[in-house]
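One structure is given below, encoded as structure tokens.
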Amino acid sequence: MDLTRIIETIVGQMRDADDRGVVASYIPELAKIDPARFGIAIATADGRMVKGGDADTGFSIQSISKVFALTLALGKVGDQLWKRVGREPSGSAFNSIVQLEREAGIPRNPFINAGAIVIADINLAGHRPREAIGEQLRFLHYLTEDDSIAVDNAVARSETETGFRNIALANYMRAFGNIAQPVDLVLGTYFHQCAIEMSCSQLALAGRFLMLGGAHPAGGRVVSERRARRICALMLTCGHYDASGDFAYRIGMPGKSGVGGGILAIVPGVASIAVWSPGLNETGNSHLGTVALERLADATGWSVFSARAFS
Amino acid sequence: MDLTRIIETIVGQMRDADDRGVVASYIPELAKIDPARFGIAIATADGRMVKGGDADTGFSIQSISKVFALTLALGKVGDQLWKRVGREPSGSAFNSIVQLEREAGIPRNPFINAGAIVIADINLAGHRPREAIGEQLRFLHYLTEDDSIAVDNAVARSETETGFRNIALANYMRAFGNIAQPVDLVLGTYFHQCAIEMSCSQLALAGRFLMLGGAHPAGGRVVSERRARRICALMLTCGHYDASGDFAYRIGMPGKSGVGGGILAIVPGVASIAVWSPGLNETGNSHLGTVALERLADATGWSVFSARAFS
Amino acid sequence: MDLTRIIETIVGQMRDADDRGVVASYIPELAKIDPARFGIAIATADGRMVKGGDADTGFSIQSISKVFALTLALGKVGDQLWKRVGREPSGSAFNSIVQLEREAGIPRNPFINAGAIVIADINLAGHRPREAIGEQLRFLHYLTEDDSIAVDNAVARSETETGFRNIALANYMRAFGNIAQPVDLVLGTYFHQCAIEMSCSQLALAGRFLMLGGAHPAGGRVVSERRARRICALMLTCGHYDASGDFAYRIGMPGKSGVGGGILAIVPGVASIAVWSPGLNETGNSHLGTVALERLADATGWSVFSARAFS
Amino acid sequence: MDLTRIIETIVGQMRDADDRGVVASYIPELAKIDPARFGIAIATADGRMVKGGDADTGFSIQSISKVFALTLALGKVGDQLWKRVGREPSGSAFNSIVQLEREAGIPRNPFINAGAIVIADINLAGHRPREAIGEQLRFLHYLTEDDSIAVDNAVARSETETGFRNIALANYMRAFGNIAQPVDLVLGTYFHQCAIEMSCSQLALAGRFLMLGGAHPAGGRVVSERRARRICALMLTCGHYDASGDFAYRIGMPGKSGVGGGILAIVPGVASIAVWSPGLNETGNSHLGTVALERLADATGWSVFSARAFS
């Protein structure tokens, strides 16, 4: 199996695709992105990086940031975190408020918006928003060994001005006592975290610790082996909102999508994969990104459900 | 790692456990089962069978039958099946009717009751109920190489007499045109399928094709490699109703539970595992069965999210 | 105010109306009715009958029967009835099952289908279905002083064959223990009750006891003054399903509609009104019937919210 | 019927009642009120005022203010208002957000919190919050002929600091485009409107225009006869949140309750009634206030559903 050739083929197919999905319009700054863009980058367990298309163009990672924010929060409060957030698929859209009313302000999981806002509240505790964002950027610099990753302030501003649903979610949880810091500071942290800009190459590097059972490729541990497995489990069951089951069925990899068109997917022991194409499908996930991952899975046989040996 | 010793330890711990959950009472025949029972059986990819406790005592497989019924239905109608059933976690209880109203009679997935009733309707097409059940039993005989597996008619009768919610679900879907055969025949098929009696040993044998990427250990294919992966994906995201996310997080194996207290869990490439203990936890899954699988996962490192090599 | 002239004007306007709504199609027998039909009949407190259009043509009273069935059931079990049915507007469609799941099988009010099925269960207790229907017909004969009112068996059969949602509702409530008799007998009673055929004239006569504070115009009491008021209150808040608030706002009379296109409306102390036109609006109530009642209310000033003196 | 004696009897019974409900605790300033208080005042159509107990003690009118705010808003935008707010009972609690998600940011009616916030947005248009509140106070001064009515600023502050659910509701509707002014200004207006302090006597005077078919007792019209009827209809179907049906059934008067323990009830043509007792029942309405109104209705026969003549 020649991974380079597989990637070349996929990049060619994606470049020529007619149906490219629809670029998200509810964050004005994101609506400006060219739907013709497509990039892919794969960091392998044996230390290679294979990439194609716009793999080195930065884009807004949006909800993919929730994976790194969750990892940080688990490092701070451990399993106490699960008293404030569930770990079940939500069965509803990423910004649904219905479930919160039925379940007394406890979000279903850390990857829907409400859950990620609680995680932001945890990460903010004892800090100013600027410090909390700084901590996240330093974490990404450490994971990628690349200090250039930063927040796109135009996007952050754009989200702040139009994020009425997220303001509603945060205040709603505050009414139930599940937000401890002032709502505007929590949301400031959350909106800036979502506005972090990264390329596919950077994202694939950042995901390596999940591929490597929690280890940093340069040595040392980012998280325990068990925690790496568990974060992957959450990505598989909850990483694509109300299309998580379909993604698991068709692609079989833990993944997390963002409304900016990026997807981070992990094949434990094998690969950390990032794809990007800004047009979304009707479930709010990157259309060509999903298609590309499905072709990659078919060509490589990569899936957590493949019959393969424990070493 | 000595699997025999691990199993011995777990069986000892489960025998002495104080909190054993609560035996399901809504099917009168099941309420009679002794909560002290516990069994476990593991069929490994290298052809061994390791077992302990009441591994050879038969019990009502109930919803675990949905895995085999789905496999048969996919064999008959292929991906057409997904026009009538979704493949997303439901975010609600196994017998919820709310989602059906919102989504026009299309059940969320084939493992909640509504979905399994649609599958029964597919399997019944062109047959009488007796023939449809016979086909399922023959499929299990073929998978286990054991012709003694049969329906417990007392349990089937008990379900028929008290299954008002399932009658409601079936008629509700019929109103939307998503049940094609007469409702009483479909439910007759469904209730008898749920009343199939198997032991842990038999269940572990029946699950081997999912461990082996679709192959029958005696040679030949039960399903394609891709279909085996996909059934595993559905088990992981939807196999434990509203506790599927938690099961994936803690145990990391595709699994399917039944209200009779059994759980079938698959480690692709490695093991097909069946546990049984009749007491249920508050999410309706076997309490000690879940605990035992968690200890097994911790002791062996088995998880689809473990970093391990493709051979 | 010349009521005869007002009625003539309204009948003329309704005869020429272009938008006549859509005849219900889910009960095949009802779908055959000519949408050009329109009738109105008003029985006044001073003993007059003013009518126009097809006032003497029989039609299927459908859910209007729920008013008379409730009156009978209250006569049998009194306020005990409210342990099994609520008396709040449902905020959802007439055949919704969602609310039942959230509220443990207790329907919101006796005028949605689920509530009316519980009422049918109460009226059936100790009887065979034929006797229960006979009792309802005798009650209508007594109220109207007209023994010709009967069930349209073709309609009853049509409902029985297609009433999957109602079968679902009944079994669902049975699962919660809120249906005591066998489900098929309860539904048999309910479907036949809905299939009673009456004309506007007959309906207006049948509603007189509600206009007269519970008294029978021929002498004696049908129900107490308080009960008559309370049944009117239920009609005002719950009589038009999810359009009850709008009906109260625009027309201001207690009313009960049926999917056959009839509406019974009461002006306490003044008038018992029946209108019929088979085309329905998007909330499932007679389109021209509602329009006609609004014009009648405007022309006469009749409304329970009018400022008028207690005598 | 001697109204003075009826009131004396009721006041005596309420003074001695053991079960007084529970004072609302979610607005800290309201939690301080003495649950022993009870007042009642009745302004009759013939110009009398009959009162008893703490009829002249001021209390926070809270949601009763929604009646006057709606009257003002209808005066400004007329029936255009109904494009932004429905007029159906909600079937859920006063602060539910679920219905908003299902129905695209259009609140069910103007008396649930979400609906009243839209009304506040309408009343605020073109004004500063201070002016909008001033307009409401002037309206109440005009209705009561009493210029002393004012906002209790301690209560307004208390609501502002703890009103997270209302902030959530407002931002949620803003996300759907159903709030036009800045959310904090709209809520400032809303919180101050709810914090208006009035006594039973003042409230009964303020409600006279609804009793008199829209006329001001001192001459002139407050609203048209039709609008007065329609506001009464909304009070009857939606005035007590999820207990509106029960209130209509037991008491049969258009009414609006507030979490401060007040209720305004109208008998068109006859009486404008205000009661106050701060302890609430489990549906969030004044416990003794409701009991007192039921006894008053029983003693007087007052009900919009009574059989009485049009003059």
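A few comments on the model shown:
Think of it as A, B, C and D in the order they're written, each chain with its own count starting at 1.
Operating definition for what follows: contacts are C-beta pairs under 8 Å (C-beta built on N, C-alpha and C of every residue); 3 or more make two chains touch, one makes a residue touch a chain.
Just so we're clear, the structure is a prediction, and the values are computed from it rather than from any experiment.
Distances between chain centres, each the mean of the C-alpha atoms, put A farthest from chain C.
Over half of the residue numbers at the interface between copies chain C and chain D are found on both sides, making the touching surfaces mostly the same. Taking each chain's centre as the average of its CA atoms, chain A and chain D sit 48 Å apart.
A straight line joining the Cα centres of chain C and chain D is 32 Å long. Between the Cα centres of chain A and chain C there is a gap of 55 Å. Looking at chain B, no residue sits in touch with two or more other chains. The full set of touching chain pairs reads A-B, A-D, B-C, C-D.
Contact residues of chain A toward chain B in the complex are 45, 86-92, 99, 108-109, 211-213, 225, 228-230, 232-234, 236-238, 242-246, 248-250, 252, 254, 268-270, 301-311. Taken together, the chain A residues at the contact with chain D in this complex read 96-98, 100-102, 164-165, 167-172, 174-175, 183.
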